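Across the two complexes that follow, subunit A remains constant while its partner is subunit B and subsequently subunit C.
After this line comes the complex of A and B, so read on.
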C-alpha cells in the first residue's frame, strides 16, 4: 500500500493503479467517461478526468497517471475545472439532454458531471449540432439509443477484448460515427447477453430491456428543456 | 430484374469471392486489400460478402463492417443503371450542393450511397470533380451537368422516363415483329 495526498486528504491505495482509480475507490469523484480498467493503454479521449499533480506543470488526465508514494493531487483547481467544462460543453453540443424526461437518470454520468462542474446540460455558448441518428436501434439482442451515446468506446472494448464476442464495433467515421454491429435486427449472433457493455455504458445508451415508450424516445424533438 | 434472378446473381458473386479469397494471406492486415479486390470486381460489398471475408480471416464480421464503413471508398449497395454523383467539394458546397443532393434523395426516396429497389438509380456524394466554375455540379452517368438546379433534376428524370418508354415501345415492337414473322 502507498499513500497519496488528494485535495489535502491522505488516502491509502495499492501500488500500480491509476490516480483516477485511486480517487474513485476513496469516494473522490472525478468525472470520467472513457476509462476502462482492462484497457492496455488508456484512451484518455473524454478529456474529463483532469487533475493537477505536484511536479507537473499542467493538468493531466488522471487515467494516464499511475500512483506514486507521496504524490500530491488536486482535483478541483480552476485550471482543471476550466478544461473539464470545455470538454463537457463540447460533448453536450451533440448530446440532446432532457434530464426531466430521461430514463437514464441516476445512471447517466453526464448529469452527475454537470452537477459537479456546476454547469447546465446545454452546450451554450457552443452551438448544438444535431446528429443524424435513429432514436432506437436494435443491435442483435441489445437496444441502443444512439442520441445518448457519447462514443466513449467502453462497450466496443469490453465486447471485443474482454468478453471476446466482438459483437460491437464503431461504424462510419468522424461526426457520423455510431456504435453498430454486423448482426441483423433480432438475431442473436455471437452475443451471449453477458451485459458487460450495458454495465460499462456511462450514459445508459445500451440496454437489454425492451425499447422504452415512444414519448421518451425522441426527447430533443419533443421539447427543448435541457438544463 | 426478378427476385430469383437477383438471388442467383448474389450466389454467383459469393462463389466468385470464395474462389478468389485463397489468393490472400490469412492475416487481418489483408482485410482492406481483400475488400478492395471484391469491390473492384463486383462494384460493391454485400452483407454476405463481408461475412465470407470475416470467416476467411477468422475475425468478427462486426470488425469487417467497422473497417469497411470507415472508408468512403467502399459501397454497400449495387450501382444503379443510372449513377448520379453529386459534388460536395468546397465550391459546390458553397453554391448549395447539399440542396441538390437532398433533391435527388427526396425524388428517389433513397439516401446518399444507396440504390433504388428497382436498381435504376444510385446516388452518391463525391468530393471535387474539378469544374468548380460550374458549381453546383452533378455527374450523371459520366455526363457533367453544371449549374445544377432543382428544376434541372425534374428535367433529367423526365428525360430518363421518356427514354424508358421508348425502350419499352421498341421492345414491344420487336416482339410484335417476331410474332408476325413466325
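After this line comes the complex of A and C, so read on.
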C-alpha cells in the first residue's frame, strides 16, 4: 500500500493503480466517462477526469496517472473545474437528454457530473449542434441512440478486448464519428448473449430493448432537466 | 573483398560509380537537366521533356536528358539546366520552359549556339559572361544543408549520390561505433524538424538504452499540412540521403527494421524511395551485413492513406498496425513502446536527411549554422502572396523579414504585407510587428506561432484575418480524429462561431467565447492536433482584434473579403457612357443600364463574385467594393418603358 494526499486528505491505496481509481475507491468523485480498468493504455478521450498534481504545471487526466507514494493531488481547483465544465458543455452540446425514456434511470454519469460541477444540462453559452446521424440506429440486435453517445469507446473496448468478439468499432471521423458494428443487418451475432457493451455504456446509448418511440428522440425536443 | 573495412568497400563502390558516370557523359554531348519532381510535373515538365526529345530527334541531335529533383524555384518552373560544353557557356538555368520554348532552345542553342539569354534565369556557376544564380538573394542568403544536392543529382541514380561521397557517413560510422553516432548527433544540437523540435540526440539515446531485442526506426513522411511539400520534395530529389540518415539512426539505436511512412498521395515519392531502397540493397548499402559489417537493416515503405492526424506519431504507429489512426495518450512514448510495443524512433524526413551531413562535416560545423538553441537550417515552403514562392533553406535565426522580402522577393502587385502564418494549419498568424522575429523554435513559439514542419503562408492586405482563421479551423476540424471531446466538438463550435462572424451574424459575446473556448481546447485536448488547432484563432484574436470587432460591431470586413459584409457598386462618375464591358460577364444578370446610359448593379441579384471588377476596363476602373454592404448606393432599375430612351 502507498499513501497519497488528495485535497488535503491522506488515502491508502495499492500501488500500480491510477489516480482516478484511487480517488473513486475512497469516495472522492472525479467525473469520468471513458475509463475502463482493463485497458492497458488509457483511452483518455472524455477529458473530464482532470486533476492537478504537485510537480506538473497544468491539469492532467487522472486516468493517465499512476499513483506514487507521497503524491499530492487536488481535484477541486479552478483550472480543473474550468476544463471539466468546458468539456461537459461540449458533450452536452451534442447530447440529447430524455430522462423519462433513458435506460440509465437516473444513474447517468452525465447527471452526476452536472451536479458535481454545479452546472445545468444545457450547453449554453454554446449552441446545440446538429449531428448527421439517425436518432435510432440498429447495430445488429443492439439498439443505439447516437444522440446519447459520448464516444467514450468503452463499448468498443469491451467488445474487442474483454469479450473477444471485436464486433464494435468507430466509423467515420472527427465530428461525424459514430459507433458501428461488423454484424450484418438482420443477423444476430453473439450480441444478445454477451451484451457486455450495454453494461458499460455510461449514457444508456446502447440497449437490447425495442426502440423507444421515435418522437422522444427527435433532436430539439431535448428535455433540459436538472438545470 | 570480405576483408575490407566498410570505408574501403564504399570507396570501391564510389570509384565504380564515377567510372560509369564518366562513360555516360561525353564532353561533346550537351546535358539537359529537367526538374521533374511533383512541382515541376505540375507546371508541365513532362510536356517540356517530350518536346525536347521530339525536337532533338527531328534535328538528329544527341543530348543527355536527366530528370532531376526540385531546385526550390517552384515559381519559375518548368526549369531546365542546359550544359552545352561546346558552346563555351557555363551550365545555364532556364525558367518557365514550355514545349514551344523547348523546341526553340534546341534550334537556337543546341544547333546554332545562341543561348537565348532572355529565357535564362542565371548561370549555375559564377563566370565572366553572365550573372550566376548563386549571386541572387535567393541563393546567397540561403544555406543548403539538406537540399544541397537537390536538383543537381538524378534522384534515380545511386551512382550520382555515391560519386558525391554518399553513404560516406554510414561507412565511417560502421567503422566506429553506435556510441560515436549518438555522441555526434547529441553534440550537434539537432532538433526534430517535424514540429516540436525535440532534441534528436536525446530521442536516439533513449531508444538506444531501451532494453529490447528488436527496435524500429520510422521516417515520418506523412506531411499533411495543406500547402507544405518540403518532405515530398526531399524524397523526390535526394532519396539516398534520407536512407543514409535512417541507416545511421538504426545503427545508433540498434534497430534492424525501418519504415518510411509516406502518404499514398505522393506516388512519385513512393516510387523514388522504393527504387532507392532496391538499388541500395543491391549495392550492399542496405540489407544484410551492410558494407561487410555486422549491421543489417531492412527498410520498407508504408503508404498511409493521407490523414493529417496520422502524422502524429502515435496515430501513425496505430495506422501501421492496421488500426484506426487515433492518437494515444503519451507516455509511454514511442521510444519506450512504439510499433508492436517495440522501442521506436519516429523522426521527420528533414531531421533524418540532416544527419549524414552532420556526421560527415562534424557536430561543430553544424553548430556554426543557425542559433545557439536551434542550430542548423530551416526549410520552408513559402506560399501565398509572395513573389518567389517555393522551397527555401535558410539558416535558423534568419528574420521573417529577410525570408519574405529578400529571399522570396516580397509581396507582389505592390500590395502591403499583412500577416504570415507559420507552422501549418495549427500555427499562428503573426502581424507586421513580428517581421523581425528570428526564425527558430523558441522565438516562434514565444510569438504564438510555431516552427511546425515548415509550411509558411504569406498574406497581403487583401486577406481578412477572420476568414483566414476560419479557413484553418475548417481544415483542422475536418481532420480531427474524433477521439477526444475538446477537439471533436470544440473545434466544430469554433468553426461555427467564425463562420457566423464572417457572415455578419457575429455577436458581441462571440469574441470572449472564441477566446475561452480556444484556451480550453488548447489545454484540454489529447494530442497535438487539438492542442494547436486554436492557434490561428488565438493569434488572430490577439494581433488583429480590430478586424473581429469590425465584423461583429459594424458588420464591416476591413479587407473587403467576406461576401456577406461587402457589396459592389458602379461609380457613376467613372463609368463610361455606352460601355457595356461588364454586362455580359455577370452570371446572374444583375447589371443594368441606368437612365443616364451608365451601368448599375441590382443589389438584390448580385452574388458578389467580383467578375465585373475584372471586366471593367482599367482606364475606367469604375466598380467599387465596399463594406459594410449598406454603403453601396441603391439605384433603381428603370421601368422597361422608360429604359431604352
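One rule holds for everything that comes next: the second predicted complex is superposed on the first by the 200 of 227 C-alpha atoms of A that agree within 3 Å, B and C clash if a C-alpha of one lies under 4 Å from a C-alpha of the other, contacts with A are read in each partner's own complex, and residues count from 1 in each chain.
Throughout what follows, contacts are C-beta pairs under 8 Å (C-beta built on N, C-alpha and C of every residue); 3 or more make two chains touch, one makes a residue touch a chain.
On a predicted model such as this, the values are computed, not experimentally measured, just so you know.
Aligning the two structures on subunit A places subunit B and subunit C next to each other without any clash. Once chain A of one complex is fitted onto chain A of the other, the partner contacts of A:103 are absent, as it touches neither subunit B nor subunit C. Set side by side, subunit B and subunit C differ in how many residues of subunit A they touch, and the one touching more is C.
Legend: residue contacts after superposition of the two complexes on their common chain; A:141 is shown touching neither subunit B nor subunit C. By the touch criterion defined above, A:182 reaches subunit B but does not reach subunit C.
Of the two partner chains placed by the overlay, neither subunit B nor subunit C lies in contact with A:211.
In the superposed model, A:125 makes contact with subunit C only, not with subunit B.
Put simply, the three-chain overlay gives an angle of 50° at subunit A, taking C-alpha centres for subunit B and subunit C and rounding to the nearest 10. Using the contact criterion defined above for the overlaid structures, shared-chain residue A:169 touches subunit B and also reaches subunit C. Taking the two complexes aligned on chain A, the least Cα distance separating subunit B from subunit C is 5 Å. Of the residues of subunit A, those at positions 169-170, 172-173 touch subunit B in one of the two structures and subunit C in the other.
Per the touch definition, subunit A reaches subunit B in the complex via residues 160, 165-173, 180-183, 190.
By the touch rule above, subunit B contacts subunit A in their complex via residues 47, 50-51, 54, 59-66, 69-70.
Against subunit A, in their complex, subunit C makes its touches with residues 307, 324, 326, 328-329, 332, 477-486, 488-490, 492-493, 496, 509, 513, 516-517, 520, 523-526.
In the complex of the two chains, the subunit A residues touching subunit C come out as 41-48, 50, 58-59, 61, 64, 79, 82-83, 86-87, 90-91, 93-94, 125-127, 129, 150-151, 153, 169-170, 172-177.
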